[in-house]
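Heads up, the next two complexes both have chain A, just with different partners, chain B and then chain C.
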Partner chain A sequence: MGVTVLQQFPTENRTGPSTIELLSKRISALGALQQGQFLVDCETFTSCAALGHQRTVHVLHNSEQPATVFSILETGQKTIPLATDGLFDLLMMKMSGFYSSKKQTKAESKGPRYEIGDFCVKLGTVTVSQNFRGVLVEVEYRPCVVPAMCWELMREFLQGFLGSSVPATPPPYLQNRMQELYTPIDTIHQYLEQFTIFRKAPGLRP
Partner chain B sequence: MERDIEQLNSALNSIKTLRSNVRRVFESVSNGLRADHGEDGKENKFIHELQELLTTVNNNLRDVESAVGNLTPPPGPFNLGSTAFLGQETTQERQALYGQLVNSYKWTDKVREYSALAGNILQTNSFNKTYKTFSTTKRRKTQTSNHNVSPEVIENLITNIDRLFPDVTITASRPFLPNPVIQACLGRVLKAIIAFKGLMIEWVVVKALSESNDLWAESRYKVFKKVTENCHAAMCHFHSPMMPELAVKSFMHWFHSYNTLFSAPCKRCGNHLLGNLPPTWRDLRTLEPYHEECK
Partner chain C sequence: MSYSVNISVEAPIENQIQEITYDGTEIYQPPLTLSESLTKYAQKIDFSKTSDIDFKKEPGEAIEDNKSDSDSKDAFQSSLWPWDSARNKLRNAFQEVCVLADVLAIAKDKRYMVLDPVQQEPIETKPMVQIYARKKALAGAASVLLTGAERLKTSQNEAARNRTVPDFHIELLRLRQNWRLKKVSNTIIGDLSYRTAGSKYTQTGTFEVTKAEDDDKTNSPPSSPIPGGATTAKTNSALRVSIPSELQGVAYIEVLCQKDQEDLCSVNVNLLGSGPPASNPDMHWQQKLEAAQNVLFCKELFNQLAKEAVQLQAPIPHMVVGNQIMATVFPGIQLIIGLCHSTVGDKKQQNNNSSKTDHDHVLEHSLHQLLREVHHKNTHHPFPHPATGPLGPSKKRMLAGPMAADRYELLEMTKSETLLEQIIKQAQHFFMRLRTEYVLDTIAKEVKDPLISSHWNTLNSPTQSCVKINISTHGYDALCRTPLVIHVGEKSLKCICRDGKVMHMSYEPQELRDLIFCHINQHQILAVQALAKTMGWQFLANSNHLGTGAVEPLGNASSCLLASPTGDRIIAVRCEPQTGIQVCVAHSPRSDFFPSRLVTERKWEHLGGQFRDVRLEKMEGRNFLHKMELLMASLTSSS
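Right after this comes the complex of A and B.
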């Protein structure tokens, strides 16, 4: 598990599939080989009024860690991340009386997964309740575990195939954790951050 | 000796000329009369030709005789040493042994010659893994100080290195006493598993921090495979049997420069990545980062 950077790629009047195809061509031209598909999904539950102060639970799955369910509880003051077994999904179903899911906010990002050298690149089409919202590019540099050490290197790699759309600073979530050891839950936080932006944004044409 | 061989050569040469001229006489006799003798007095011409050839043969024979007369006869029978007994062998399948003996003698002679040449060439190359000296007392001394040191000395060396670099954490295990295998974790970048043989570094494998401590499995990441290769090169470069402690220290000093493996750009091209790898080479003296292709 290495450092992962997640960023949006502007579609600029292109459709979702054509954007993915453009990026696929670029990364293949660099020598990347496709290694299957990936999927990250996110479902959000809110507590019912009877529990008092409203809390939100985001439940996420990542195909990179297929046996784990990640959940992030937002109480208003605190954010509590939790990594659990697959059974957590069933637990949430049992608790449907207390936590109800907002069906229209189910977000997911899926698409091809590429490997190039020690990098792993994922080109995701983002949909929020089945509507196309944009393109997310995830790049993982697997040998390194501290974001501060390899951010410059990863930025160079991102610029190599995304061009000028690469920001000069790391994703906001990572900025406070540049010196810490990177763990899979950090990737989940970045996805949640992006999904929240997509949910708020007005719908794009598919 | 030199003169003998020259004379022998000239005698052999004159025998060769004699043989070829005698062959010409017989050729001419067997051919008999030929068309180029013409019609008039062809018998006379033929006889004349034959006489000329015989005169040459006579001259050649005289040459041979004088050449042989010049030769000095060997002082006595050749002394073949113990190999002479091989000639007395009566069993059929062993009678060819003498020929084989001569052949192998020629081979060993060649081997000696080539190894002397190779030795001269290799002497200029400083990457010697073994220390070679022609003084036996000296050799015995260096060997005991290298391979067969007491565990305390190695222990001291390792603790010294541990103290030298604060961001290198070293844990040692001793699967084969007294030779330790140490895991040197370089910050949060990488770890190296180093096997010692006495005071000398025997083997190095570089891996990610999350990978196993197995000495024989290489890393699954391309960048650490490359760094492992470079560590092997540096291990040989710093190797010095006369000052093994210094060799280990300079190796560790060089190895320590990998703490910027992911963060330092290449000194030559200024980029971080080349062929999707960070600069995996560190200059042996200046410790500056370079890509494999840029160094």
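Right after this comes the complex of A and C.
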């Protein structure tokens, strides 16, 4: 468990698979070894009108924490993150009368997972309801848990294989939490942020 | 005669409460009618005292009255019936009063009847008679008490005699207090398996309870007056338990540690300890059942171990042959776990047991404990239980979800140690401890100069223990001491040195030996330096790993250079693990000077002279440090 930075990689007229292939080649050239696949998915539920003020629950799964179901409740004023075990999915099914899911917004990011030294790199193809939307690159630096202490290092590493598309500042979610201890729910927040952007963006050609 | 008595009858203002319902409403009795209440009051009048005499005096009339009453009973209404007795009594009373009045009238004339006071006869009291009477009464009472006591005694004896003849139901009750029983149609079936305690072993442990045959009972007559009869009947029991043949006999698990076909130690696990042999058919059912349960336990333990031995993939595969499991603990050392189950050959076993008396109670206990622990875990789930989640996963696993454990942590959680692995680890640790002890003891015996003392921690776990080693010189303990701590694990040793360095060593005892020898050398050099400081000598140089000189087979030589307070003497000490300690002394300037062609002036002699060996063995002194102290002292004073 370390600090994770998530960022988009512009596809620039390439198809999704070819982008992933390009990045795979680059990261393999650096000496990374593929260690299986990964998957992060997000499903959004909205409360029914009878409950009054509308609330949104995002339920996310991360293959890195296979026993955990993450959920983020947005009440309008504040967001409440929650980490639970696998039974939460069943609970949401029971509550389908109060919280209905919007099927067309099911977003997921999946692809190969690489390990290179202390870093773990995941190249994810993002699909929103089965339509390709873009590429997300997740880099985790495992020895450190405080973002401020390793951001520079991670940026340099990211630049090593992503090139100039790496921003000089950390992701907006992390900017306010640079000095705090990093937890898995922070990764989930970053994914949700990115998925929200992808959902709003017009569809891309796969 | 015809007095009319006014009787006023009033009903109570409030009716009597018949019942109070739960909601508090009171149900009243219906008010009595006038006649009913009158009869009620009339019945309260007690005429018995007068009527007694009356009836004696005139029984005929009373009978007649009763007769007439009974005759008229049918005619009267049932509600009027109670009045009848009142009427009779009143009539009797009236008659008596009439007679009394007549008598009084006659006595008043004093012509026919005179009333005289009757003289009471004085009771003559003779003291002797009284005493005799009392004596007699007391004797009577005493005899009553004695016969009572006698009767109690005999009844108790009877009961005691009857107790030796066991009662089936009492015995069954006792059996039921300790064992699980149930009735299936006409038979009583018991269960001696550990299933209720959490065992998942498939073999059933059912036994049947039957009544002992009648001939057993008749053999011991219940009314036999001889007390010896009771002892013969003691072994008899009204109960008979029949145990399946595979659970009969005695079983135990034998743990042997073998080194190149030679027994190092053996352990006999027998839950009953030295119980009586099970083949005895007259054994009490309690012992019989316990023996059977022990057999079942041993079988389960062995079964579990054998299953694990087959499944485990060890570098040197474990072997399961017949009733033996063979596992390699260390190269050349095997752990053999065998199941011994015998139903007849008791004598042979006892011989075996006596030949292997050297057994370790710790391993015995561990094996026992490990399976019990598994049983306990099967029945005791960690709290709190989730209301909806599955039972069974560990507490850690249940927390893994909310704590967002990652894949590695979850993988770690799935790993669990099998019984065999645990017992092998314990055996390995046992050997590691044995070897470490041996190495330390032999070194302490071999090396006399620095003293080596080891303290074993009394608190340890089955797979970890700790020893603290102190290297010091006799008489110079305060000056320099080299402490070492060695953690003895399962397959490796961890040594924490004086300077905080951590050394990991394998199970080979030679490595520890070498390490201790290196530390002995280091200790000598450090002690000399400390001694020099206290003697006022100057410490010039020190090297723990000297590059010069012959190559050492183990470690490096260490050395130090010391200069006297005035600087005219130099001592060099070289310490080698193999060859020992070398001490050289150099003087500068030399006391005599002869100018030569190369060295023309005397001042060059201050650069230091040649080193000359000191023959330490010829020197006086208890140990190396003492010798060094004497040497330094002598060199200081001579200047």
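Operating definition for what follows: the second predicted complex is superposed on the first by the 206 of 206 C-alpha atoms of A that agree within 3 Å, B and C clash if a C-alpha of one lies under 4 Å from a C-alpha of the other, contacts with A are read in each partner's own complex, and residues count from 1 in each chain.
Operating definition for what follows: a contact is a pair of C-beta atoms (placed from the backbone, for glycine too) under 8 Å apart; a residue touches a chain by one contact, two chains touch by 3 or more.
In this text the structure is predicted, and so the values were computed from the model without any measurement.
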Should the pairing of chain B and chain C on chain A count as a clash or a fit in the superposition?
-> clash
Which of the two partners, first being chain B and second being chain C, lies in contact with A:G86: first, second, both, or neither?
-> second
Looking at the overlay, does A:G160 come into contact with chain B only (first), chain C only (second), both, or neither?
-> first
Check the residue A:C144 against both partner chains and state whether it touches chain B (first), chain C (second), both, or neither.
-> first
Regarding the shared-chain residue A:P172, is it in contact with chain B (first), chain C (second), both, or neither?
-> neither
With the two structures laid over each other on chain A, which partner does A:M1 touch: chain B (first), chain C (second), both, or neither?
-> both
Considering only the touch criterion stated at the top, classify A:P10 as touching first (chain B), second (chain C), both, or neither.
-> neither
Between chain B (first) and chain C (second), which does A:T183 come into contact with in this model arrangement: first, second, both, or neither?
-> second
State the stretch of chain C that overlaps chain B in the combined model; pick it from 544-552, 562-570 or 616-624.
-> 544-552
Both chain B and chain C touch chain A; at which residues?
-> 1
Please give the residue numbers of chain C that touch chain A in the complex, ascending.
-> 386, 388-389, 397-398, 400-407, 410
Residue set of chain A touching chain C in the complex reads 1, 63-70, 83-87, 90, 183-185
Using the touch rule from the top, collect the residues of chain B that touch chain A in their complex.
-> 188-190, 208-210, 221-224, 261-263, 265, 271-273, 275-278
In the complex, chain A touches chain B at residues 1, 30-31, 116-119, 141-146, 148-150, 152-153, 156-157, 160, 181
